[in-house]
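The two complexes that follow have subunit A in common; it is paired with subunit B in the first and with subunit C in the second.
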Partner chain A sequence: MRTAISTLAVRGATTVRQALEILHDEERTPIAGATDLFVALNFGTLTMRRFVDIWNVDELRRIAVDGDTLVIGALATYTDLIRSPMIAARLPMLAEASRLVGGPQIQNRGTIGGNIANASPAGDSLPILSAVDAVVVLRSVTGERRVAFRDFYTGYRESVRRRDELIVAVEIPPVPGRQWFRKVGTRAAQAISKVVIAGVRDGQSLRLALGSVAPTVVRARRAEAALAEGRSIDEAVDALRADITPIDDVRSTADYRHLVSANLVRRFLTETR
Partner chain B sequence: MRFTLNGETRDASSPPMSRLLDVLREEFGLTGTKEGCGEGECGACTVLVDGAPVCSCLVPLVQVEAASVQTIEGLGDDHPLQHEFMNEVGAQCGICTPGMIMAALSLDEHPTLDDIKVALAGNLCRCTGYAAIYRAIMKAKSQ
Partner chain C sequence: MTRWVGASVPRKDGIGKATGQARYADDLVFPGMLHGRTVRSTVPRGRVRSIRLDFDASGFTIVDFRDVPGRNVCDLIEQDQPFLVERDVRHMAEPILLLAHEDRERLLSANVAIEYDAADAVFDPLRSEGVLKAIDIVKGDVDAAMGNADVIVEGTYRTGHQEHVYIEPNGVIAVPEGDGVVVYGSLQCPFYVIKALKSLLGANRHIRVVQTETGGGFGGKEEYPSMIAGHAALLALKSGRPVKIVYDRVEDMVATTKRHPSIVRHRTGVTRDGRLVAMDVEVVLDGGAYVTLSPVVLSRGCIHAAGPYRCDNTRIRGRAMFTNTPPNGAFRGFGAPQTEFAVEVHMERIAEALGMDPVTLREINALVPGDTTATGQVMHDDCSARLVLDEAVRRTDFRAKRTAYRGTNRAVGLSLFYHGAGFTGSGERTLNSKARLDLTERGVRIAVGSTEIGQGTRTMHAQIVAEALGVPYETIEVAQPDTSVVADSGPTVASRTCMVVGKILEECAAEMKARLGGLSPSEYFAKHGGFSVLKTYEPPDWIQWDDHTYRGDAYATFAWGCDVVELEMDRDTFEVRPIALTAVHEFGRPIHPALARGQIEGGTAQGMGYALLEHVVMRNGEMANAQLTNYIIPTSLDTPEFDIVMLENPYPGGPFGAKGLGELPMDGPGPAVVNALRALALDVREIPATPEHLAECALR
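Moving on, here comes the complex of A and B:
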């Protein structure tokens, strides 16, 4: 381990209000399940020195249905998502994705709020949240705001979240139609996605989002539009090339990602027909 | 910083952002918990926190305040999983073994081979090979 632990300061919170007051008083980095933060700490790449631990803010763990909206608390872990009857009933593809995150040890600690805030283009829950037009709920001492998921990320690992805000929940409006999720990596467990895709198909209405193929998660707007206009699968797959901007990196190549993305979209369209 | 360690109340004096792994090994001398990768990939550092397997290399000490932590030492030396790992030669160098056993504890009795593979998906072994490990767990959990 390459970080001098004794130089790090942490304050604990057990309520959202406490955590928000701490974040209001001074710049601090929230710690949820620490499965991203402590990897950086072990590598010595963590630049932050002051933290607020929110792991014990139990009110953020709730998964509930409010009216017709599914509300997932930011601290819900992958294990919580896998076990939740509400997720199974309304957003089964999120449970499916959660089973493929890391191994059980990571699923027991990693949270959906951490996945969103960490803003990795490879975050596996993100294409799902994008495809279902989720809303991110941000709160600070001065109040709460709701940001459409499509407006949440502003660039590679950047989002509209202010430093004094916590993600408190993510809201999912009803998702009519078929849900479809695929993750392509080197193996099922402990693998970061080379390409990850989520789709929703309700009759002629199609929604599609991909991860690991651009600086942020992307909605395949051009492919969606081609299909909405009644064009062929081949034309939709052509349009997809302009929706994504994959790169060569340690996990894969741009060419491979283009090819796999196209194949996944074809498969989505045939399997949900 | 007070917590329960293998059933006993203990006070830790390490800095609050210490890795639970280092606190166990260095402050409490419980060196059964191993460090393989230090990044959540290998599972050698697996312990139970409030009954759930976690990677102790990724848990800050501050997060186990008031929690119950169980390490391989907490099993004593007469646990069926320990016996079967020996009988089936489920260990060679043994570095992965404590983590494998802690992860296997969460399995219900009479698991299928698939249940075992899923429970151990976060644990890597670089020398024994998984067949003997799965066999050992299958035997221990089917008694």
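Moving on, here comes the complex of A and C:
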């Protein structure tokens, strides 16, 4: 049954400083586009009751290049990512992934920071951030710290973000080589991923990450290592089986996710050869 | 030549819906209105041991079975389903307690703790011992004929649940009126609600039902609104105030009816040259926890189970079984999409077994005038199986494509299907439907209980009356279905609203025209005042039907269809992309071509969803993916380009030659899609053919 709205408490913030002070004073969940929140609310599975709304913190909307690092503000929406010339030039697969998130309404509200914070294993941008070795920028009233994306998640819907911290940006170092992205979501729009995969190939160097096949987004370390050691595609695909731990759920099956992950890795390796 | 019939005139409900002026149930607010909520079971089977209210009950109206003034059963075919559980729970989400409060938020926050003695539940209809209805259709001698066949082909075919996904969930408002209630609601059959409420509240109580603008039904608002209307009425009577109950999407999906899952076994004897000599068919439907409409769904399913084919020796044995899921119910097609899926995939397998082209097999066996169906019904000139098949094959270049695509990821598939219009057998005679035309100071008013649920009832009825009366379409008014105002023209179901109710209206108009004696309606009214013409449906006199032996004329006529789908499958992900779909339909004559095309496109898209995407995940008897996020229906991007062809073959018993159309488009896409997938060397025999299922087929 739908959660009663009157049981929710929301405070608004218009600056990062204000948001951080609120988070410092009391335990609240930051929300921006609230696209994930409303699904849980309608389904009656929402556990949080107290929120800080940061949608109007405009300083977090910026997409910029700083030195050779691409810096994406946490509140950049999917629509912002689709329209950004900097994303098109440096990380086109993120624009491609953004076009496949929900529909235009979700793309207008959903943010990259929200996708990271929500920590769903099915988050469409997450395999990309993993494959390109992104860095998550966290800020609190006591200061700022940078966490490598690979160290960010600690378990299913759990991360190293402290309750008083806000994700303010994600930093992307230069991505040499070919980018490759594929989402498998059963229908052409408004779909949640069953398997989502992002890869970068630069000569012999390969980076590969998958979503919806484990409690968190995963980097395919064993498959990457097999290829780095010069082993065959078949051996790399075999190694992938140990990188992922998919399950049966309402959207798909473990068997299907294993099979499709293997097929797509094979396709990635073939197409970028 | 006709002026209004056959023209795509503006819809009567178009401007209201386009501008947002149309008022749906949830738009209505009454002074002092409370909101109602249904507290439901959380076990699939068991007994209620205790109920504890964990909230401050001030300001709440609370109703349980003891508050029922009449009989605590929903009066449908049987009287077995309680409005509120007394002791025994037979399925998940069964209504136990009703709460009402003027503050929706307090209502949602109220916690009710219910303890149960749980019992073992049955979810597999093949393991159930409860037969809800059995039907046997026998023609010729199947066992003897099977012995003479050159080849025998056997197979089992399965279809899953399907959710209606009407855009507006179920919702009603009950308002105290006199000693009873008036119910405003989103519903298909206002007089069904009257019958159910008379039983619930007492036969002598005042009851009136008004259909509000309705956002889709697809059968999902045929029988279910009686339940929710009963709940709102109980709360309204106890509180003395108007009570609104509008389900959200989750509650609607979890608690209300779905399409019946089916398991159909075929054993068919054929000659080497492709003639069907014996068809032995067994149909099993999962009825869910109560009878509801399952007996008639089974009936229509069985009658269509042998497909549009000639076979002198046919045996169809049908069983609908009780299980511990919410009752399955009416859904566009009403049993026929399930059984026609099975027979059409089976025909493809027979062609494979014979090494024969699937079109040729169908050409040899398709019904032609003079042939008889499984129930012994003789086909007349309105039988168009070959007409639609030939046209679909010709315009898609089916045989050439089939050959050209061999060995690629692209394929074409075909299905041939039919759908009986109107109630089965003697059903229309029993219904005795009425329609009325009123001459008023404003012009001519249609007063029927048929509901507009998006399919175009108001528009199409007004066209028929305008044509028959010889007056402009714009001058025809259509009364809102209010049971105190309109005639009981029977339920808005079974592809009967145009063919049956439209026919009565045509006759009303003819009589009104005669009485006007050459005057226009306004001239007549000025001179003589108003009058009404009330008429009753007369089914064709040749219809003979025996409900005990299931022999005779099952339907006054059938509509016919042939679908050809072209699709591509990704061999890595088993995702299927439909590319083009040609639907050749013959349904007498379209009254409103644009609306008819809309029915075909919409029904075909719904059938494509049924075939490929729509998977109701049941866990412990409850729909686990009861959200549009995870119950996947096709979006416009998933829908192929349509080539819709409407062939005409007028049926003399329908208005201006029209037959029923609403359900026909649902029957074809499932088997056409699976037959295309079979051409990709996947042995698919069930739907939904999700990528997960196709991957399993590929690995088998």
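In this section, the second predicted complex is superposed on the first by the 272 of 273 C-alpha atoms of A that agree within 3 Å, B and C clash if a C-alpha of one lies under 4 Å from a C-alpha of the other, contacts with A are read in each partner's own complex, and residues count from 1 in each chain.
Quick note on the criterion: contacts are C-beta pairs under 8 Å (C-beta built on N, C-alpha and C of every residue); 3 or more make two chains touch, one makes a residue touch a chain.
Note that this is a predicted model, so its numbers are computed, not measured.
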Check whether A:Phe43 is in contact with subunit B, with subunit C, with both or with neither, and answer first, second, both or neither.
both
Return first, second, both or neither, reflecting whether A:Ala134 touches subunit B, subunit C, both chains, or no partner chain.
neither
Touching partner for A:Met93 - first (subunit B), second (subunit C), both, neither:
neither
Touching A:Ala76 in the superposition: subunit B (first), subunit C (second), both, neither?
neither
Check whether A:Ser6 is in contact with subunit B, with subunit C, with both or with neither, and answer first, second, both or neither.
both
Quick check on the superposed pair: does A:Thr35 touch subunit B, subunit C, both, or neither? Answer first, second, both or neither.
first
Going by the contact rule set out at the top, does A:Asn263 touch subunit B (first), subunit C (second), both, or neither?
second
Could you say whether A:Asp53 touches subunit B, subunit C, both of them, or neither, answering first, second, both or neither?
first
Between subunit B (first) and subunit C (second), which, if any, makes contact with A:Ile244: first, second, both or neither?
neither
Overlap of the subunit B and subunit C interfaces on subunit A comprises residues 1, 5-6, 39, 42-43, 103, 188-190
Residue numbers on subunit A that touch subunit C, as the complex places them
1-7, 39, 42-44, 103, 184, 186-192, 194-195, 250-253, 255-256, 259-260, 263-264, 266-267
For the subunit B and subunit A complex, residues of the former touching the latter
15-19, 22, 38-41, 43, 46, 52-55, 57-60, 62-63, 65, 103, 106, 118-124
Which subunit A residues qualify as touching subunit B in the complex?
1, 5-6, 8-10, 12, 31, 33-35, 38-39, 41-43, 51, 53, 55-56, 79, 102-106, 108-109, 188-190
Sort out for me which residues of subunit C touch subunit A in the complex.
104-106, 108-109, 248-251, 571-575, 613, 617, 624-625, 627, 629-630, 632, 634-635, 637-638, 690-692, 695-696, 699
